[in-house]
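Following this message is one structure expressed as structure tokens.
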Amino acid sequence: MFYQEAGQFSTRYTQDHRVFRLRQDRYGLSTLLLFAFVAVPYLGNDYWFSAILIPFLVLSLAGLGLNLLTGYAGQLSLGSAAFMAVGAFATYNVELRVPGSPLLLSMALGGGVAALVAVLFGLPSLRIKGFYLLVSTLAAQFFVTWALTRFSWFSNNSASGVISAPRLEISGVDLNSPVGRYLLTLAVVVGLFWLGKNLVCSELGRNWMAVRDMDTAAAVMGIALLKTKLLAFAISGFFLGVAGALWAFTYLGTVEPHGFDLNRSFQILFIIIIGGLGSILGNFLGAAFIVLFPVLLSNLVALLPAGLIDAGQIENLQKMAFGILIIVFLVKEPEGLARLWQKFRERARLWPLRY
Amino acid sequence: MEFFFEVLIGGLLAGVMYALVAIGFVLIYKASGVFNFAQGAMVLFSALTFVSLLERGVPFWLAFVISLTAMVLLAVAVERAVLRPLVNRSPITLFMATLGLSYVIEGFAQALWGAQVHGLELGISDEPLELGGMLLSQFDIFAAVTAALLVLALSLLFNKTRIGLSLRAVADDPLAALAVGIRLQRVWVLVWAVAGFVGLVAGLLWGARLGVQFSLSLVVLKALPVLIIGGFTSISGAIVGGLIIGASEKLAEVYLGPVIGGGIENWFPYVLALLFLLVRPAGLFGERAIERV
Amino acid sequence: MAQTQATKVEHLLVLENIGLSFKGVKAVTDISFAVAAGEICALIGPNGAGKSSLLNVINGVYQAQQGRIRFAGEEHRRMRPHDAAVRGIARTFQNIALFKGMSVLDNVLTGRNLKRRSSWIEQALRIGRAAGEDDRQREAAERIIDFLHIQPWRDTLVGKLPYGLQKRVELARALAAEPRLLLLDEPMAGMNAEEKQQMSRFIVDINRELGTTVVLIEHDIGVVMGICDHVVVLDYGRKIGDGPPDEVRQNPEVIAAYLGTRH
């Protein structure tokens, strides 16, 4: 009843092809963006910015990066954290060694370096398919963390490879406060998601999905496998690199290579599994889940009588609950939260009718 | 020169340990077509159970039997809760399910038995043996012999028994196996139980070497290069792969390490496996998947 | 199709002495024939005769060890599938090779990928040549969808469609590339009589209205005799018949091997 499509017809192909075809969706998105950019800075407090919203946004972006490669292009990867690390350390070095470099440019360059590294470790995808490709990205994961720790040049000769955030400012506006960092992150993430959405709906996105579904047929149709796969690695690497820079500088403040280890790669993989492979919205949903789940769980435990479960056990229980949820998701809704949302929307379009 | 051989043999024997873990993978992959990322967690769980029982005064062989039973129960649970609902799904989905499974088993193992490091004494002397001018660890030799016996037993199981025939049928084509009346669920439980047994043996040996602790589950990460080189479906491949990885890792550590820097063993096996894949995309002994258009 | 006519018959595809083997097993031996531009040519023969392999050789999926292929006057020594597509050869597969994760429209649009001029960056930023190109490609895709009557399923995931429709969508995808030569591998496999009639009509329409040369592998002799201008018969990897349908039908070797002997 409220979510009716009646009276909304596309008269031109461009209208039909729009990202949000329904007027209600467009209003909804505009309201959400308005709320995020204008209202939240006033309503939120420092804890929300620093501990919930910023990691949520950054992890969504990281999820999108991996989703482009694994969900859309079908190239399985466990090296996401390594590419994030490259982005973070490259951005740091650009800021350090190129004085006066604008922050956004440094991050873009950092992303660019990550893209190149991703392409390097993505080259084997031309010969190796499917599951075996894991080896290449795992090699990237271990090699990058080793190299960043071993060669202290990357971290300006600090003892254990630790780097810390540069001053965050754009055109003189200081962004170091929690609100400032939130707005910076939000702007970058929204911008890159817009780019990502365009890519996914474009010819390249379709080519990725073609390569994912059946690459021999894709080649027969004239799709250049080499270019398509390598672009997937490059663009994914870029997104992950920028996410890594944001993670290091707007969320943590200081980071060492160890913070981008295999567990982080798994975390991002879980985000896209739970959120939905091959989905844009899914990245947000998955990231929200990953960020909020531990918080929810510890709040739940706090409700129980004190001393019933000690702190160490909570971690173990969290691990178990997490694993169980992954399995449940894979069994019940393999297409993730995004698909659940889609089903909900489809019901809403027809409500109060059933079908 | 002798030093080189000493390092080499040391590496080979370490490789045998890797091979032991890899064999568990091969078993499950052969029968259910899934790369069981939870194998490492299973190694940890079985070793942890065993060692905790020992510490509570349970005699050695009883503890072994109880741990083995626990692994069988685990196999039943896994088949019910994970394999059956996910039958027919893509291999990547199954892999991710085992990823989740590894979290569950790890969390459970530590929730049950705690997170401290446990030492494990198997009663094998630590004194090195002198053989032809080289110093070899008795323990490593013991491990190698154990592995050899295990492989022998497994080959007999696969090739000479009726159960083994069923296992191979299921590995080839589960649907066809169902059609000829093979009980898929029973086969899966059996395979996971056997893999659990192999995991227990591997866990005991690794645990005696490194101490039984959480990092034991990370040993799974070394198994992947072994399997890449040896092929996912061959037990002998797992042995050969393990030997190659073990030897090259040790040699790289000793000879390349001083040049490039310490800690190479983290990524060297992977890069090696990668180079291997580029030359032989299906591993040394693996089956070449033929894509029919 | 009489060769005695004064007009020169233009051969779009010429195979000369093609030989293909897989690790010692000979798939096809010494195959030579020519396909004229604008004709419908059928490749028939018992199972295992090497028909699919031959098709794979024509569009570069397999590389022949012996012989030459000339397409549109140009010779090909080593052709990869991508080159074949660029030169204007499109095909469908025996076991449907659709992109199961995408809708019908998206599948057809992937067929248009060679017709695009804008780069991926332009498309990502929605600037330059990308603006407006989407509309043109969509228009072209819709023309094909109209032609094959699959409009109602435009937005359906192909994996959800029945077999017959999937075959049609695969045909649409191949047509979207506006090919000069269309290779169809058993386009009517698994269809009942009515569906076969429908598909035959589509193939004839494609040939007459769009002017596309068609080479198809087919088992139904009725279809072959009904719609084809030219028939090539294979048996055990060798050519045993080549000519207009009526001629081939009376060839004793072909009858013995394939059509069955009269009692």
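When the chains are written out, they are named A, B and C in that same order, and each has its own residue count from 1.
In the analysis below, a residue touches a chain if its C-beta (ideal position, glycine included) is under 8 Å from a C-beta of that chain, and two chains touch if they have at least 3 such contacts.
Computed from a predicted model, the values in this text were never measured in an experiment.
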Chain ID, smallest distance between chain and overall C-alpha centroids: A
Chain whose Cα centroid lies at the greatest distance from that of chain A: C
Inter-centroid spacing, chain C versus chain A (mean Cα positions, whole Å): 42
Separation of chain B from chain C, taking each centre as the mean of its C-alpha atoms, in whole Å: 49
Whole-Å separation of chain centres (CA-atom averages), chain A against chain B: 33
Residue list for chain C, restricted to those that touch at least two other chains: 61, 93, 97
Sequence positions of chain A contacting 2 or more other chains: 216-217
Two or more partner chains touched - positions in chain B: 293
Residue ranges of chain C touching chain A (in the complex, touch as defined): 59, 61, 80-82, 84-86, 90-91, 93, 97-102, 106, 109-111, 113-114, 116, 118, 120, 123-126, 130, 134-135, 138-139, 173-174, 177
Residues of chain A that touch chain B when the two form their complex: 76, 124, 127-132, 134-136, 138-139, 142-143, 145-146, 149-151, 216-217, 262, 266, 269, 273, 312-313, 316-320, 322-327, 330-331, 334
Residues of chain B defined as touching chain A within the complex: 35, 81-82, 85-86, 89, 91-93, 95-97, 99-108, 110-111, 115, 221, 224-225, 228, 260-264, 266-267, 270-271, 273-274, 277-278, 281, 291, 293
Touching residues on chain A, where the partner in the complex is chain C: 12-14, 16-17, 195, 198-199, 202-204, 206-207, 209-210, 212-214, 216-225, 231, 278
